[in-house]
Amino acid sequence: MKLIIAAIKPFKLEEVREALTSIGVRGMMVTEIKGFGSQSGHTEIYRGAEYAVNFVPKVKLEIVVSDSLCDQVVDTIRKTAKTDKIGDGKIFVLDVDQAVRVRTGETNDDAL
Amino acid sequence: MKLIIAAIKPFKLEEVREALTSIGVRGMMVTEIKGFGSQSGHTEIYRGAEYAVNFVPKVKLEIVVSDSLCDQVVDTIRKTAKTDKIGDGKIFVLDVDQAVRVRTGETNDDAL
Amino acid sequence: MKLIIAAIKPFKLEEVREALTSIGVRGMMVTEIKGFGSQSGHTEIYRGAEYAVNFVPKVKLEIVVSDSLCDQVVDTIRKTAKTDKIGDGKIFVLDVDQAVRVRTGETNDDAL
Amino acid sequence: MADIKKTLGLAAAAAMLALPAFADTAPKMDSGDTAWMMTSSLLVLFMTLPGLALFYGGLVRTKNMLSVLMQCTLITGLVMVIWVLWGYSMAFGGGTSPYWGGLGKAFLAGVTPASLSGTIPEYVFVVFQMTFAVITPALIIGSIVERIKFSSLLVFIALWVTLVYFPIAHMVWDGSGLFFKMGAMDFAGGTVVHINAGIAGFVGCLVLGKRTGFGRDNMAPHSMTLTMVGASILWVGWFGFNAGSALASNGTAALAMINTFVATAAAILSWSAIEGMARGKASMLGAASGMVAGLVAITPACGFIGPMGAVVLGLIVSPICYFFVTTVKGKFGYDDSLDVFGVHCVGGITGALLTGIFAASSLGGVGYGKGVTMGSQEMVQLEAVLTTLIWSGVVSFILYKLVGAVMGLRVTEEEEREGLDLTSHGEMAYHS
Amino acid sequence: MADIKKTLGLAAAAAMLALPAFADTAPKMDSGDTAWMMTSSLLVLFMTLPGLALFYGGLVRTKNMLSVLMQCTLITGLVMVIWVLWGYSMAFGGGTSPYWGGLGKAFLAGVTPASLSGTIPEYVFVVFQMTFAVITPALIIGSIVERIKFSSLLVFIALWVTLVYFPIAHMVWDGSGLFFKMGAMDFAGGTVVHINAGIAGFVGCLVLGKRTGFGRDNMAPHSMTLTMVGASILWVGWFGFNAGSALASNGTAALAMINTFVATAAAILSWSAIEGMARGKASMLGAASGMVAGLVAITPACGFIGPMGAVVLGLIVSPICYFFVTTVKGKFGYDDSLDVFGVHCVGGITGALLTGIFAASSLGGVGYGKGVTMGSQEMVQLEAVLTTLIWSGVVSFILYKLVGAVMGLRVTEEEEREGLDLTSHGEMAYHS
Amino acid sequence: MADIKKTLGLAAAAAMLALPAFADTAPKMDSGDTAWMMTSSLLVLFMTLPGLALFYGGLVRTKNMLSVLMQCTLITGLVMVIWVLWGYSMAFGGGTSPYWGGLGKAFLAGVTPASLSGTIPEYVFVVFQMTFAVITPALIIGSIVERIKFSSLLVFIALWVTLVYFPIAHMVWDGSGLFFKMGAMDFAGGTVVHINAGIAGFVGCLVLGKRTGFGRDNMAPHSMTLTMVGASILWVGWFGFNAGSALASNGTAALAMINTFVATAAAILSWSAIEGMARGKASMLGAASGMVAGLVAITPACGFIGPMGAVVLGLIVSPICYFFVTTVKGKFGYDDSLDVFGVHCVGGITGALLTGIFAASSLGGVGYGKGVTMGSQEMVQLEAVLTTLIWSGVVSFILYKLVGAVMGLRVTEEEEREGLDLTSHGEMAYHS
């Protein structure tokens, strides 16, 4: 199994979720994060004080899938999240040893 | 060492934390996430506008433990977080190369 | 490539980010988390009700870097985040299989 | 000023309505009194919406925020309509029973823009009293939030105002009312409002039982900021409540006003002081609680005692309430969720009893009626308090049981866990 | 009370100003009336800041919160200055045209602390009316938030108050005004304020088009709590608006006040009831919407009808508005973002037409003027409504197009996505 | 109106108290004046709680929110109690010293519900003035938030009101006071309140030093929404402050009211305009700052100048304050955290000096006293300003040093980092 971590633009979340569902992904974890990368942040001024905010709001997806589905998931995210503007995001893939479904105790591919 | 990632129901957090502490887990990282899975979300209506929220609030635990403790941790989470209702959550295990305690510079099992 | 996960004290974030930038790190994901560890939380009292909050606010960094940069990143975080007080945090390193830049489709080291 | 009849404020005007023999010497409409009473009426509405709603709402968890706001809002809508249909008449309808005012003014029959009540249009008296009838049942919910079933609550409240509030309001404020005739001193409604709601809430939390997770889950206030804002609005609005109860813009109103300032100030200080001593830190929730406790306690007293008496009264009430919301509640383990009993009922009783004492002219008060001593006044005060506790406690208990039997009082544990906002109202308080 | 002239409230005083023949019998300044009118003036400011700002602000997404607050704040600043420069004069300058008041009082020429308007200082009349001139354009923004360009909005508003609001205010409230002479009954400004702003907003959302992502993205209110607080403040402040429109502290003000209480209460109940029936749950947004709908509908009627009529009016208006904001809006698919049309325009028309009916003395109202029947009054009401709809609709359309052509009306899609707070104002509403 | 004595508002009534020779022609109680003054008193309380508390609280970081609310709340409680014990007497006790009023009215000795102060009950005058005594020290905290030690602050404030505020209030408003006798024009307390608090805050931030992380950490306001709400409440409440300072419901109050509307409106516009020019975007914090700057500047002037003068005054004050809070503060690098100096002190001085100019009848003002020219009036204004700056600056410095020596002024850096809410008050503002 693989853990796919993707940082994408927040307004793309729904679209990506739908696209993934349609190729058979049945679960994921979504976290609101602050992204740092080549896309630059913004500056706010409050009276005299100026604050450079170097982070950009992003959404992080974490999806565990069977090895066989992995490439398709990466591909789908890449296509759906793409706007061709800087800051579209990154996808990382890691190896997963083991998976368990709490409710049933099923393990590995059955647990996904 | 292993990284154990678990998505559980928020109201189970305290119970799980206590159970893990009692078997010797000494640290973890907890994040509030939006979970997507077989448990369905809800619909909100604001005047005419209807919004289907496909995500369910979950809590994500990330725990790094020595290889020897790993199975026990997975087991404990599975038992404690279980309510036998849909949406109880998932547990994933990944391999960790290296661990460092910032304060002391201790590494690997000593760092946990 | 390696995924470096670090839990640090929130007020150290800017400093660490700058230090990492200066050694060539070009991206990261930052999440506000609740940390559990040897640093103890606090107790709040509301009228008669007493709540022990066992978690301490931390910031989690997730950084994917090429294998060659990994040690330097770990080192930099360790040095910059250190205050010599309990709760300074932990650093974990995991193996990454694959990386993709959504905008361009570049992969692996090119994607970072 | 020594004649108690003259100083009874609200009651005095009610008496006028009830005594047509005074008609030919009846006062003319006064634009200043009317201006103040219109202002006072909207101040008391302000106390409920958004004052009390925020004070309470801030104290619950995020997932139940809207349910509290809805409960306050719908109680307001419901009781206002009931008030003009039959409530006003039951309280001030002109009937001579000591227990209710009859139905002579149901649907506000006979009231016109030209009708007077003392020196103000009767419509102003109607709305001023209406706002009291609204806030009292709204206070109750503090004991039963985060688990009460919405529809059941509304049915309970409709019955409760009819069988508990209107009668007791008549007893206290109408010239023919039981307590009024006894000579009970209750300037702005300590018994009718605070003891009454406080005991009804207390009975409610006993009947309903504790919230799921009580004592285990973290139930810390979701926004102490909103609670502080709500408490502040309560204070500001309370001048309508207290100084408005003079039913005129005059020296008595001024006295009620200064007392409402300084008693509250003193109660803030004493709650913070006791917290500082007991646990080393004075909290915002403590200061806000002291604020409300001071306001509750000065309510019956504000037109009868002097400012120095008010300071002392404020200093006294906070430690008493503090003891109840920390020690007593902890000991007995009931889940009076937002401390309606500990603050409103206990603070109200404290105020009612101290009114009888600090009213003494030797203590800077306006003095007692002819032939009345401090001791005899205290007996009357006690009698009014006990009658209210029993009437409201017993009838509330019956009503909870009745409504519970017919339609159930609590939401399911599942709904409680998910939060009432989503499950009872289909929305959430905050999005990004 | 049967004489319509005497009961026209605001209009009556305006008439006095316009009829110097009455000068020698002119009333003296009354401190009570003045106190009430000063209070009323600040209550109407309170309605706008922070009332309306919060009501609207809570309904938008976090990223646009400050833009809404800024729009309300700057409209307030802008229109107040315009008002004392030329607005007051255009509305109440003493000119005898049915369409505007001339420039005789531009820069408040001739007004001194000693000038009277009825029984109150003219300065008080100036500020009271000023607050109406401020809130009306602020209402408009509800239709066009989250996409309107800030600078364009301000230019539009400056033109709009000059060419739409001031003339219509003159028509309704000045003794020489068109509607006033026709005998239209509009106690506190249902036409001038709500229908007027409602239609201008509606035209605005049609001209601007929908928000990016409308119908797809989750646009749920970022803080229903703030929306509820805003609605509550609107209610409290509305007593200044409605009861203040009596321009005195008297029985008519009292009538306006009680009606503003009970119609609103009834409208809360009926909106919640219809939601409960339609989808099983009554929502806070629904109750808040009912509150505002009730307030809008009672505005023209409050000084003319009886409390029972007000209850019925409140019960009626909510289902009508509900139908518009759910069914009609859904059907036609326009993005009247915060339902200015569905609540203010529709509610305002409902109120205007029902005023003509419930004013009948047989229905508890104050009755019609000499020789006026319910039918003839309704024709007049309808005429006033239609004239307002057409005047405001057409002129607003032209102004949107004009401003759009010169400087553009919308921000870019990119800016819309990032949010107006950062892109138009350089700050964010919340940090940790 | 040309006679300055008659127009001195607050001061005039104070003078009456001080001149028993007028007793037989003394005015009767007026219910309208009383209604307005009671309303005004609660409006000024509303300014502090929750107005100022939210305005300031929104500007600090989440972790220090409750500490700000607590500081405002406890200062309110503390100063109110002190006021009735000795404060009122020190300011208005009837003594004839130019520096203080003596202790003749300590514990409010001799004041009864029947006592009058002009046309209002003396109790009303007492509470009205009390609210001023409360808000002034509360303003100071803006300079020293996020680091001041709670207990030390309370001790400092108790000393400060006694040694700084009460004497200066006496000087300005009492008939025997120093500035009053000099003929200084300060209608509603620009010197006593704003310059006074502004300089005390400034000295405070110099003595305490900067916040940990100042200039490095992001210290952006945690809720600009709350700040805007606070500013709006300040505006609404300020009518009590300014128009209330007429101590009556009359044409002078009306003048103060219209000026408080339009000067503020103009200052909002000019702050936003200058921001728009300087950085391309007008911010909500800017508009809110302009609002407060306008209110501060019109305070001394509101009863003396005409509405057009008020517009100009509003337009002028914002750029001046803007210059101080951006350029000057940046240049010298002091951490006047919430710009008490830049807005209140600088705005107050601007207002005080412009009052002397715009009061000229040729500029639409009420004119000067007999034999007074614009130049001579300006000298008097300047003298009052300088005396206040020096008295308050020096005594405040001494008190900070004293309290610091005895009990320390700052929390530890560790506590500062964790936030005062948890470390000083044991609670947090928000939970989920």
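Every chain is named by a letter (A, B, C, D, E and F) in the order it is written, and numbering of its residues begins at 1.
In this section, a residue touches a chain if its C-beta (ideal position, glycine included) is under 8 Å from a C-beta of that chain, and two chains touch if they have at least 3 such contacts.
These figures come from a predicted structure and were not determined experimentally.
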{"item": "Least hop count linking chain A to chain D through chains in contact", "value": "2"}
{"item": "Result of counting contacting C-beta pairs for A-C and C-D, higher pair", "value": "A-C"}
{"item": "Whole-Å gap between the CA centroids of chain A and chain E", "value": "47"}
{"item": "Gap in Å, rounded to a whole number, between the CA centres of chain F and chain D", "value": "34"}
{"item": "Interchain centroid distance [CA atoms averaged], chain A/chain F, Å", "value": "52"}
{"item": "Contacts with two or more other chains, residues of chain B listed in rising order", "value": "14, 31, 44-46, 94-95"}
{"item": "Junction residues of chain D - those touching two or more other chains", "value": "30-33, 35-36, 39, 218, 220-221, 249, 279, 283, 285, 426-428, 432"}
{"item": "Chain-to-chain touches, reported pairwise for every pair that qualifies", "value": "A-B, A-C, A-E, A-F, B-C, B-D, B-E, C-D, C-F, D-E, D-F, E-F"}
{"item": "Touching residues on chain C, where the partner in the complex is chain A", "value": "1, 3, 14, 17, 26-31, 62, 64, 94-103, 105, 111-112"}
{"item": "Complex contact set, residues of chain E against chain A", "value": "213, 216-217, 417, 422, 426-428"}
{"item": "Chain F contact footprint on chain C (complex, rising order)", "value": "11, 14, 42-46"}
{"item": "Complex contact set, residues of chain E against chain D", "value": "1, 30-33, 35-36, 39, 43, 61-62, 218, 220-225, 228-229, 232-233, 235-236, 239, 243, 248-255, 257-258, 261-262, 264-266, 268-269, 272, 279, 281-285, 287-288, 290-291, 307-308, 311, 366"}
{"item": "In the complex, chain C residues that touch chain B", "value": "2, 5-8, 31, 33-38, 54-55, 58, 60, 74, 77-78, 81-95"}
